[in-house]
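In the two complexes below, subunit A is the common chain; its partner is subunit B in one and subunit C in the other.
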Partner chain A sequence: MIVYRYIAEALFYAFMILTFMGGYMAVRSRMLMHAVLGLAVSLLGVAGLYFHLGSPFLATMQILIYVGAVCIMIVLGVMLGNTPDQLAAKNFKGRNLVLALGACTAAFMTLFVTLSQTRFAPAAERVGDMSIRFIGENLLFQYCLAFELISVILLTAIIGAIILARDGREETAK
Partner chain B sequence: METLNSITPELIRIVMAVVGGVVIVFGNALVMGYLERKLAGHFQRRPGPMEVGFHGILQLLIDGVKLMGKQLVVPAQADKKLFMLAPMLSFVPVFLPLLVIPFSDKMQAFDLDVGLLFILAVAAINVLAILVGGWGSNNKYSLFGAFRSVAQNVAYEIPMLISLLAIVFMTNTFSLKGIVEAQNIWFVVLQPVAFLIYLVCMVAETNRAPFDLPEAESELTAGFHTEYSGMGFSLFMMAEYTNMFICCSIATVFFLGGTSGIPLPYFEYTGAIWFVAKVYLLMFFLVWIRWTYPRTRFDQLMNLCWKYLIPFSLVNLLITVVVVKL
Partner chain C sequence: MIISDNLNTYLIIAAILLVIGLYGMLQHRSLIGMLISSEFILNGAGLNFMAFNRFVAPNPAVGQIYTLFIMGIAAAEAAIVVSIIIAVYRKYRNEDPAEVQDLKL
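Let's turn to the complex of A and B:
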């Protein structure tokens, strides 16, 4: 059994490194494309962690939704204009260093204080059944209203997008 | 000593699954590369490759050596890291789905209970690879090809998933093995509409003619892989062929009864033989379509998906649900 434990540990650290590296890339890169790809890598790492924790369903959903969304984001990003090299070099030239540092410190302190104050209960032994069936039944019975409201929000977004796009098209046609 | 003892059948199975996946990827690319050129030749009333070996059977080996020996040209203005990353990235997602495909009752690496979702999720990375390659090349043709690929794949994933969902409603499982076992009658008989929709989506998802807009030669030179040479190009090709293999495998699992068939003399391997035979029959169909029909226009492609396939697949799903509930 010891080999399995090694493999599992190695995978865990690999996914952790992937997540952090992706996050770092997303924050630090000067090109929009690299940043978004970093985000994708980070999300893949998180999906790997879900897999490691024994929930292939969540991992699958993570990849399906987020990586697909990242593709769309890249397309939008490129359409909004790709960053030429000189412009990219100008970004992050320490202009707002003080502000950035301040924001980072504030965020870090908030997280640190909350985390150190919280009393973590030891992870509960799987309470009941946590299978997909359980998730599905909970979503569609107990939390049905929230579930449906989310889809209404999505519907509103879609209709809004269509209306915006239509207006633009008619103006250009004139 | 403890480590030695712990090399269990499970561990050997994992190693074998990985090796088997690699063998399928390369073997399939060799076989399909040859078959496609040969079939294309015969569809156009010419012999195809004839020089190397009997009827050119060793042509692909020679081509492989040639491609490996070629210089890797990276355009001066390209984003070098992304340019090199894209072919490798396209290779990852085509390998992972092979792990959950049930080639026979026993030949399946992992029987995930969300097998179908896993395959669809991993397929999303393929689009990302094409996009990265197209953008990294810093070439307008490549970029157009990549954009088209995103629009096409995002659109065609929807009817594909909905047509497969009809089957899931009938079998009550996402596990590929469970779906194979649930088929007393092949679902192609019970769900002909879903099968047709899936076939059309399959052609679009694998970016092949008549829906090969991302690499339309007459408009975009070669689309997203215009700038790639040598192994970069061949990795993309291998990914495409493996992608075909996976799509055809899903069709076999969902509609053609997976491993079922008339028992053959080699009893143990009957299922696997039938499975591979069905997959390659579908692959032949893909090649046939590719060399028969001209390329569609992009708006026609999108209209076909949004105005016909999605409504039809939704109606099909609704009828299925009602019938199952009754």
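Let's turn to the complex of A and C:
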């Protein structure tokens, strides 16, 4: 049915706009809480793009890990750090703004020109499919070491976070 | 015109995400704002992996696995950075990155 394709295309545009609007909100908002909200909205948009790329599993993981865990952690950081909102709103020199805009434009133009000049040829043959079963087989056999290393990294990060955040508390308690 | 089935569309979206992150990194005046911007950069990388995975990769599981790894690394990074920010806030009583100059807490 051609109608469904149009609906999918319209949804693609919606996710794209969601991503950009969230990014704009995260970068330009004056309050840090609004910036985190913009980040969450943008990540939801990226999850929709993953869906369009044929991987519902990654879209689910994006919502679960990024929107569910990382954003909540940043919200906790905003509340625990008690960041004054004026800090984000503090006026900075216009020169810095111009320099940041210039650097970003230069970076984007470089990437854009590179992209438009390159031709990406698809692989001659594809083995396997996009299914979760195939991902699981790859994770268990070919990428087993990397998978285990990720869990070690997460464990180290948890222990490190506890140690870092605990150190100062004893001083304040004294 | 169907643009959702085109590699360059996704690559340009990923480039825009990278640029948003770069701009936020340069422009934000707080450590948490910079952390938020770094998440955008990581997401741009993940979207790139997924786009190449969908359109050119010979094995369609590799890109998804790499994107999963990026998510795991981003979660670990966010946990560490948030705890560092809390420690810095306890020490300096503010979060202005320009004033945090000593490594020793």
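A few points about this structure:
In this text, the second predicted complex is superposed on the first by the 138 of 174 C-alpha atoms of A that agree within 3 Å, B and C clash if a C-alpha of one lies under 4 Å from a C-alpha of the other, contacts with A are read in each partner's own complex, and residues count from 1 in each chain.
Just so we're on the same page, a contact is a pair of C-beta atoms (placed from the backbone, for glycine too) under 8 Å apart; a residue touches a chain by one contact, two chains touch by 3 or more.
This structure is a prediction, so every number in the text was calculated from the model and none was measured.
Counted by residues of subunit A touched, the larger count belongs to C, out of subunit B and subunit C. In the superposition on chain A, A:139 makes contact with subunit C only, while subunit B stays out of contact range.
Within the superposed three-chain model, A:33 lies in touch with subunit B and out of touch with subunit C [touch as defined at top]. Applying the stated contact rule after C-alpha superposition, one finds that A:2 touches subunit B and leaves subunit C untouched. Contact with subunit C, but none with subunit B, is seen for A:158 once the two complexes are overlaid on the shared chain.
In the superposition on chain A, A:21 makes contact with neither subunit B nor subunit C. Within the superposed three-chain model, A:74 lies in touch with subunit B and with subunit C [touch as defined at top]. Touch criterion met: A:56 reaches subunit B, while subunit C stays clear of it.
On subunit A, the surface touched by subunit B in one complex and the surface touched by subunit C in the other have residues 57, 61, 70, 74, 78 in common. Remark: subunit A residues 1-4, 31, 33-34, 37, 40, 56-57, 60-61, 63-64, 67-68, 70-72, 74-75, 78, 132 touch subunit B in the complex. Per the touch definition, subunit A reaches subunit C in the complex via residues 5, 8-9, 12, 16, 19-20, 23-24, 26-27, 32, 35-36, 39, 42-43, 46, 49-50, 52-55, 57-58, 61-62, 65-66, 69-70, 73-74, 76-78, 80-84, 87-88, 90, 92, 96-97, 99-101, 103-104, 107-108, 111-112, 115-116, 120-130, 134-135, 137-139, 143, 146, 150, 153-154, 156-158, 160-162, 164-165, 167-169, 171-172.
Of all residues in subunit C, those touching subunit A in their complex are 2-4, 7-8, 10-13, 15-20, 22-24, 26-30, 32-33, 35-37, 39-40, 43, 46-47, 50-62, 64-65, 67-69, 71-87, 89-91, 94-96, 105. Residues 2-3, 6-7, 11, 79, 82, 112-114, 117-118, 120-122, 124-125, 127-128, 131-132, 135, 143, 147, 150, 154 of subunit B are the ones that touch subunit A when the two sit in their complex.
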